[in-house]
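Pasting the structures here.
Each of the next two complexes has chain A plus one more chain, namely chain B in the first and chain C in the second.
On to the complex of A and B.
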């Protein structure tokens, strides 16, 4: 019986011969499902070439290649992904990790060609029929993240606790917090180009993730010998280009750097950095100013075996970092930790030694093999409006310096600060604290020419100043300081309509009909600082090339036209700490080249 | 579904009862109760069909998660039963005596995750990975990229650039 069945059963299929077929007549033009993962699409405008798609690809199917018409600039590598479909397994991890959400997949899956080379192309750059198709795989929008788009929250003292004290506000990460924050990094390295010192940012973040803080410290010191300081007050340009910031909050790069420095005890530095024995080259370098650029130059020169002497005008080292930045942002003990390590390499500092007064530049030129100057911008500029000659008109930098020197500064009940930069915020917040201590209430107004959006101060400075009850009044131009019976009563201002003209030149326009008076019995100016280069005497000036604005001209090694004389820091670039550090580092390399050539 | 789960809960320890939708629930139980629990579900509660048996490597917790998805055709409901196994020497009792086709799933899991179902028919025979003697490839510590690079030849003409290095060349080559 079984055998008969075996023979007959195939014929039972014939009973379906008149039925409608269940198969598809034309399988080739069949459209795939809406979420099908087909050939890639890439929005080239949105893509920043971070290469995270390449890193996550488990088949090494993606190459990052230059594309014509796309420029390399801050925040964009100029590269775009090219996909090899001989390897792509259509898993869509590249789409799901994409930091800018530029990469997606169409639902096109059919493409027949005899040339295998065509199956490797740059989506978006080489036009394909599916580029405009909506259907296909896209990263799901809700609750689907391969990394956390939110930062780990940083603990900060609340305004009620901090408003009358100079205790540090930002508390720093714990180990768990730092590792969780480090875990958000995609290691693309887009930030490195934007950091003025080109720090190995993804590398030190990786060291945190691996809980290898020795390694982290080594990476920091390769490009920056002031990590406690930069971990607190760096202008963190790196964070503005962080790829993770395109779809969420950028990495807290600055706080992560601080974490590495905070966790490593000062007495372990020499061992960790392996800088115990340095061969002396028998050459001497004089450095003018113990600010960030001078200290940075001294550090890198010392490592090369040069003996460095810093001449510092003030009683302690640090420059603007000590005498400009308030203690609540940068505590002195942390400043000292970085500085003391540099001094431990054998750097000598002559304090209270003003070049041009206590010792001349000529003496330095005669006694040393090279001279580096990083004297910074310490002279406050005046608005020169009517009334600025009054004795109750002060310069922000002078007051901030006096606070750091431990001097008592004049604090009136009502104060107006002119300026909208970080120095203006520093003095405003310092005054707010002192007023709170002296009068129990805060009455300080900071007014800037720039509108709220254009104010050069960091966002968090403005917000925190307001939290501390200071009033910020952007968009006003000072007209005159009103003086009655020899006493200041207020600052008259015009509404400022625009600060820059079409060519982005400083050319403020005012509405003179719209005036206002901010009541005050003391005014502080904080509109910028200038350099005091009086120590460069006429005989040197003759051969020292300067530009039209009186700035010393330097080459890429920060060497001036006087070959033995190098200059960097705020008098050349910036102004900011990290640029100064980078200048000092490059100058150290330049000085080494100069001395090697001459000996 | 709720009534069935209430009833079963009286005789088996069930944890993490999760409602995915009206006709789909997930529950967790201990490894030692798994076979008797699904025998009960099959023979007493109408879950006569094994839809699938699958695994997830929860490497962070050091366990494999097995999901037995069962279907009750009469009530048109699905129930996923989950159980966790130690990743080290992962071993699970076979259910091929309940459903013949389970042997195929178990053979696949043996090959892809290295989970042993001892006594399951032909469990040690290659399923799709003939001649494979490396780490089971669905384990999360299997380095797919390394495998891919070692196994497939590099296509001529391919070259890539590291974004940070490329930016250095373009923006600050001298530093």
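On to the complex of A and C.
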């Protein structure tokens, strides 16, 4: 029976003869699934050319290339991915890792052309029929990350502990935290391009990942001889452009730099950096001001074999870093660690030596082969409203300097600070601490012209100031300081509607109906600083080119029209510490070229 | 005198002469032997390999397998790729069944890195592996029938496989190379309506499998050509290292899913499919029943799978993921037997050594060379397909 069945059974296949053939499928008009990985799409506006797609591609199918109409700008390399479909394997890892979520794939899977060259193109730049279609592979959204978009949390002193002391707030990373934070880096290098000193940021972050802090320190010192300082108070332009920050929080580049410097003890620097045996060139350079740019210039010039002498007006080195920034942000021992290393290279420093008073610029010109000035912005600007001539109206920079010098500064019970920048926040928070120590309570108001979103101070400064019980009142323009019986009673302000006009020029508009008085016994102005260039005597000024605003004109090597005279730092660019350091470095190279040409 | 009229009984005592080692002396210059190449361009060969056959008449006297036509050097390539860059490569090791490569590589990495993947991702991985088994068997069954001249089975089964590939496409974004099981988890949740469409697909496949049973298995010709043909003895299992349906057909229930449970198999209700006697017919029948078991397992998985949840664990940044140094062997039961990845890490961003253990190496090289002796040349293709081998995984 079984055998007969085995002969008949196969004939049941004939029942399909009336069915539609299953073998006919239409691949041309068929629409692929929503998640299909077809040809790429790229939103060129969103893309920043970080090249992370290029680095993850195991087939080297992606090249970052310049594209017509897209220029290199702040935070954008100006390059865009070009995909070679002769190499692409459609794995879509480039889409998954894309830091800006600009790259995606269409569900287009058929494309026939006789010219093989067309299969290599820049998605987005060359229009394709699938560009506007929604379907196709997107980065899976639900908790799917190929790198951690969230920062490792930094330990900070709580407001209750820090509000009456000048102990450093930020505690720094532990080894585990630093490695975890360094792991988030995608090594795109947009930070390096943005940093004024062009520090090798991905390289030193890699050194942290590899737990090779000696290497890290060497990389830091290639472009920045003040890593402890920059690791604490740098304005971190790098973090504002960090590609990881487009879809998450940017890397804590500043804290990572600090970690390297913190973990290397000062007495090991000489051994690690191994910068001995420098041939003396027999040339002398005078440097005016021991601020970041002066110290940076002195460091790099010393490494080239020049003997440098710094003339510093104040009793200690550091400039604004010591006399402008409060200790809770930058402790003096850390400042000294960086400065002492620079001085250990043989840099001579003359304290309490004011150029123009104790020694003239002419003498420097005669005694030295070149002069570099980085005297910074130490003169506070005034709002010049009615009442600013009162004795209880102070400049923020003056008070901050006095605090650093160890002098006792006047602290009234009720204080108003005018200004919304970082210096205003520094003085506000310093005053808050002193008030807490003196009166047990804080009554300081910082008022700025700008709205909260436009305030130039760092966001964390504003948040931390509020945590320390200071009151921040953004969007008010000072009208006058009210004085009754020769005593200040308050600051009258108008509501500020806008700070800049349509052409982005400073032209504040006020609502005069909306007025308010902030009660105060004392007012501190912090609306910006100016340079004191009185040491440049008239005989030099005749030949020194300056612009309309009285700023010295320099070339790319920070050489002025007086060939022996170089200038940098806040008086030229910035103001901020990393720009000053970069200026000092470039000027050192310029001075070297100048001396080599003349000798 | 035999009843059969046209039976020719070989008398091997006379010719060919045997040497001292018991093997026949093959002297090609005697003109009594013929050498032919079976493959690599031959529809009866299961991919890019060839058999160098020495024939006497139509009987195979000697066989030497030749591989190397598809050698891409993946194991070496991986030593120069970061771990994440190996992920798009591994699926290409076994073209018709890529998911087991992805799973073994990912799980080996996760084991060394000490990463626990989310529950949802475990279920999704399990689903994908069973879908992969299903489509791989559907491809094989067409080959097995086709090698013995039954073209229609292949047309039905490839249609069914196409439907499974459609489901793969909507779940993973790819039809053949899914690149779905990424180290740390998977790359997507089930799309809307997937359960319904999958069930429809399974019903179509079941209906065709009934037809295939009638047309292929209850078929006098198929039985005549496969019963008692290409027998694998029980004691060969450990001698050659035979695994999968080839081994299970002898009655030994070797199944990695049961012996070394992984993913969610301990939560699923199944018994390994076995048979009593491993000839071509029984091996084919074990595979057919394993295919039906796979359909059952997919239904069980879809009934239990959480439809929402995390799909990937938190891992280090894949661009410079340093897997802690160590070595491990990760295995899974694929359609052909035990599939495994031996991974050695030296703690750097690159794997120090990756070795792929594909069952095809054992079955298609060592076993086949011995089994094929004295068989008829017309049965070589059927015998080879009955071992279910994929040359890409031999070559790597």
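General remarks:
The rule is short, and it goes like this: the second predicted complex is superposed on the first by the 582 of 599 C-alpha atoms of A that agree within 3 Å, B and C clash if a C-alpha of one lies under 4 Å from a C-alpha of the other, contacts with A are read in each partner's own complex, and residues count from 1 in each chain.
Here is the rule we go by: contacts are C-beta pairs under 8 Å (C-beta built on N, C-alpha and C of every residue); 3 or more make two chains touch, one makes a residue touch a chain.
In this text the structure is predicted, and so the values were computed from the model without any measurement.
Taken together through their common chain A, the two structures put chain B and chain C in a clash.
Of the two partner chains placed around the shared chain by superposition, neither chain B nor chain C is touched by A:410.
In the superposition on chain A, A:96 makes contact with chain C only, not with chain B.
Of the two partner chains placed by superposition, only chain B is touched by A:556; chain C is not. Of the two partner chains, neither chain B nor chain C is touched by A:159. Of the two partner chains placed by superposition, A:530 touches none, neither chain B nor chain C. In the superposed pair of complexes, A:58 makes contact with chain B and with chain C alike. Considering which of chain B and chain C touches more of chain A, the answer is C.
By the touch criterion stated above, A:50 is placed in contact with chain B alone, chain C being left untouched. In the superposition on chain A, A:282 makes contact with neither chain B nor chain C.
In the overlay built on chain A, none of the stretches 146-154, 164-172 or 254-262 of chain C clash with chain B except 254-262.
Taken together, the two structures place residues 57-59 of chain A in contact with chain B in one case and with chain C in the other. Against chain A, in their complex, chain B makes its touches with residues 144-145, 148-149, 152, 155, 157-168, 170-172, 174-175.
Interface residues of chain A facing chain B in the complex, by the touch rule stated above, are 49-51, 54, 57-60, 62-66, 72-73, 77-79, 84, 86-87, 117, 120, 188-190, 192-193, 198, 202, 556, 586. Chain C meets chain A in the complex at residues 81-82, 84-89, 152, 155-156, 158-159, 162, 166, 169-174, 177, 179, 185, 187-189, 191, 211, 214-216, 218-221, 223, 310-312, 314-320. Only residues 3, 5-7, 9-10, 12-13, 16, 22-23, 25, 32-37, 52, 55-59, 89-93, 96-97, 105, 137, 140, 142-148, 183-187, 206, 209 of chain A touch chain C when the two sit together in their complex.
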